[in-house]
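First chain A sits with chain B, and in the next complex the same chain sits with chain C.
This part shows the complex of A and B:
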């Protein structure tokens, strides 16, 4: 079994430059599509460049897209983010749809997220508004005035009536019943 | 049989009477203890309690008015809320970042409002929904700032003595949400007679 996820770098959520507080800024700076003009493994990439690349560019004016042909090498997508991260995706034998999907993912990311495991799925600067819970929240303030050692508080807390107590009560009730009966007679 | 029970009881009573003094003191202690240690916060009245509805209403009206005055003077301070988002509950305040796991359609840069609010609170008061706070009372705005994939997770399956082993690798799509604003905009304690119609399509 692979335990590689155990050795991933654990990290908390980070957002570059308070992104989204005022407005959203796309964090992808530039993308380089590297491919071979005649190798079969680049076929999808070539088709993508011919058919879908212009639409992608029009959709995302904030991203600079470069196309770099090179001979006899596998196609890759290289992305550079505003925070300086670079990430590349091996696009060998990818179809044009797959390439578009990966490009969209790279565009929507804020940095290279590979090899990072998020420790918490929420980030807050204000962990508590009403004050953190303590053992004394929602307790009677009378407890503050108790002097210790206090025999009442140290014993076990039993709220239920015991069997003997219940029997006693039954007995009392019975006695009352007898009295009423005698009165009736 | 019927005659047996009082006999038995009598026998018990003889036993019990010896300890009755002890027991009485103990029960008194328990009463005192229970008054300190536990407080009933349920809606049901304790048997000895006398409920005066007018008095109760007056008290709740007073509390609501206090909250309302805080809201009108905008002295409520920082608000937090518990929202139901894509099957999970999150405690959020302004400026938080929340990660929603799994496929979720909103795309980057979109502004959305979170409607399933289970609870809103400030430092001095809490509005609790049953189960959801009334629609239109609270306004929570959020921005989608990132859509990524989680780290590679492994799913390992093995059957003993059957020469069967599989490792599956998968990633979960994640959406990062920035909470922009939480505010109480509606009127307190004035729910509409009919709700849910504003979103229904006939």
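This part shows the complex of A and C:
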């Protein structure tokens, strides 16, 4: 995550209304292309409408496309989604290819995603199939037969010898060895 | 910039004679601009935000195109008249007729509304859900699931995500849940009239039953007294005596007390269900719920 993403609203991946479980429903319901008929900033939009709009409409019959000319104003792509979101894209000085790319992006989205960062690229509502931990999960079955109070279970679990004990052991062994040697002499 | 506009305007007002005036470009903005803009924005704020208008009142709106897109969106083809009938609320149709009468318009043909279609659609949806669920579950669960899926809230939610909101002709705006749900039901009936019943059932499966994805049936259906229920259920299956055993307990006499109870078959000493709780009674009920789930799940697998 970079600094520019710090103030974006964090979100998880979601699917509105179980989309795609039965059938896939395109979430973009309507697009309005607003442009000016003689302003230079709308040139790409005009060319898009002349050359590529019909192909786009044929490709995506589930999206209603409206064209709205208005004088001396910046071209805008206004997208409306099924969940009620509206997204404006400022298409000033865009080329026709850029507009087509934006439209394809809007079509593949499920809502207005501007100002949102995904916390993770995966999400699940059921993080554990196994279920929650309880005091009895992975419990040793032998404990069922133990009668309390039990002296083995009341002390500490550590069975390893400490360094001091080991040294004492070595010392004892050495002494014994010396005694045996002197006897042999 | 404002200065230049004003100069041009005055030039136009004065006429051709002043065309040869050489104006010097000035870089400041006139003193009246800021106060005027402030006043305008103050008035704008005072008026408040625009009222929420229905999409159909916008200039860029074509109902036929919207209907065409709607059919493509849900992947079905409809008879045009039946489809538009399914999207008209009864109150709306009545009010339109009343208005036409008041105006004295005798050539007015009353609009068809979706009241009858909604009734038929409701029957189709309910029957199909019950039929599908009783394949795997006992009748009472099937009925509970059917009731859960056919609430106005659920159907309105589905309808919203299919784009009904802007298409329905209704009196109120924003739409009530009931209006949305009725239209959805009517659409299912319209589909069965336009194509056939199977197609309508497939539609219900894809959009209504699909809502059960990721949901647990036992969150929706829970018996009131699980232990009594499971004892009765086991009697039907030939297990006469159930033996609840306290398997584990921890933190007794504290606020975090925890008990684990298992239900066993008295004959062959096999485990039927196991559950936890903060006291023995709750743990026993949880174990009973677990036993019910195990019984019905094995039943569902068959």
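What we mean here is this: the second predicted complex is superposed on the first by the 125 of 185 C-alpha atoms of A that agree within 3 Å, B and C clash if a C-alpha of one lies under 4 Å from a C-alpha of the other, contacts with A are read in each partner's own complex, and residues count from 1 in each chain.
Heads up, the rule we're going with is that a residue touches a chain if its C-beta (ideal position, glycine included) is under 8 Å from a C-beta of that chain, and two chains touch if they have at least 3 such contacts.
All values reported here derive from a predicted model rather than from experimental measurement.
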Which of chain B and chain C A:134 touches, first, second, both or neither: second
Touched partner set for A:177, first chain B, second chain C, both or neither: neither
Chain B versus chain C as contact partner of A:158, first or second or both or neither: first
Comparing the two partners chain B and chain C, which touches a greater set of residues in chain A: B
First (chain B), second (chain C), both or neither touched by A:123: first
Which superposed partner A:8 touches (first chain B, second chain C, both, neither): first
Touching partner for A:68 - first (chain B), second (chain C), both, neither: second
First, second, both or neither for A:84, with chain B first and chain C second: second
First (chain B), second (chain C), both or neither touched by A:167: first
Chain B and chain C footprints on chain A, overlapping residues: 19, 21, 26, 125-126
Parts of chain C lying in touch with chain A, wherever the complex brings them together: 55, 59-62, 65-66, 68-69, 72-75, 157-158, 160-163, 165-166, 205-207, 209-211, 213-214, 247-248, 250-251, 258, 260, 276
Contact set on chain A toward chain B in their complex: 1-5, 8, 13, 15, 19-21, 24, 26-27, 105, 107-110, 113-118, 121-126, 129-131, 138, 140, 142-143, 146, 152-153, 157-159, 161, 164-165, 167-168, 170-171, 174
Residues of chain B touching chain A in the complex: 6, 9-10, 12-13, 15-16, 19-20, 23, 27, 29-30, 32-39, 41, 77-80, 90-93, 95-99, 101, 107-109, 121-123, 126, 143-154, 156, 167, 169, 174, 176, 178, 180
Complex contact set, residues of chain A against chain C: 16-19, 21-23, 25-26, 29-30, 32, 61-64, 66, 68, 80, 82-84, 125-126, 134-136, 139
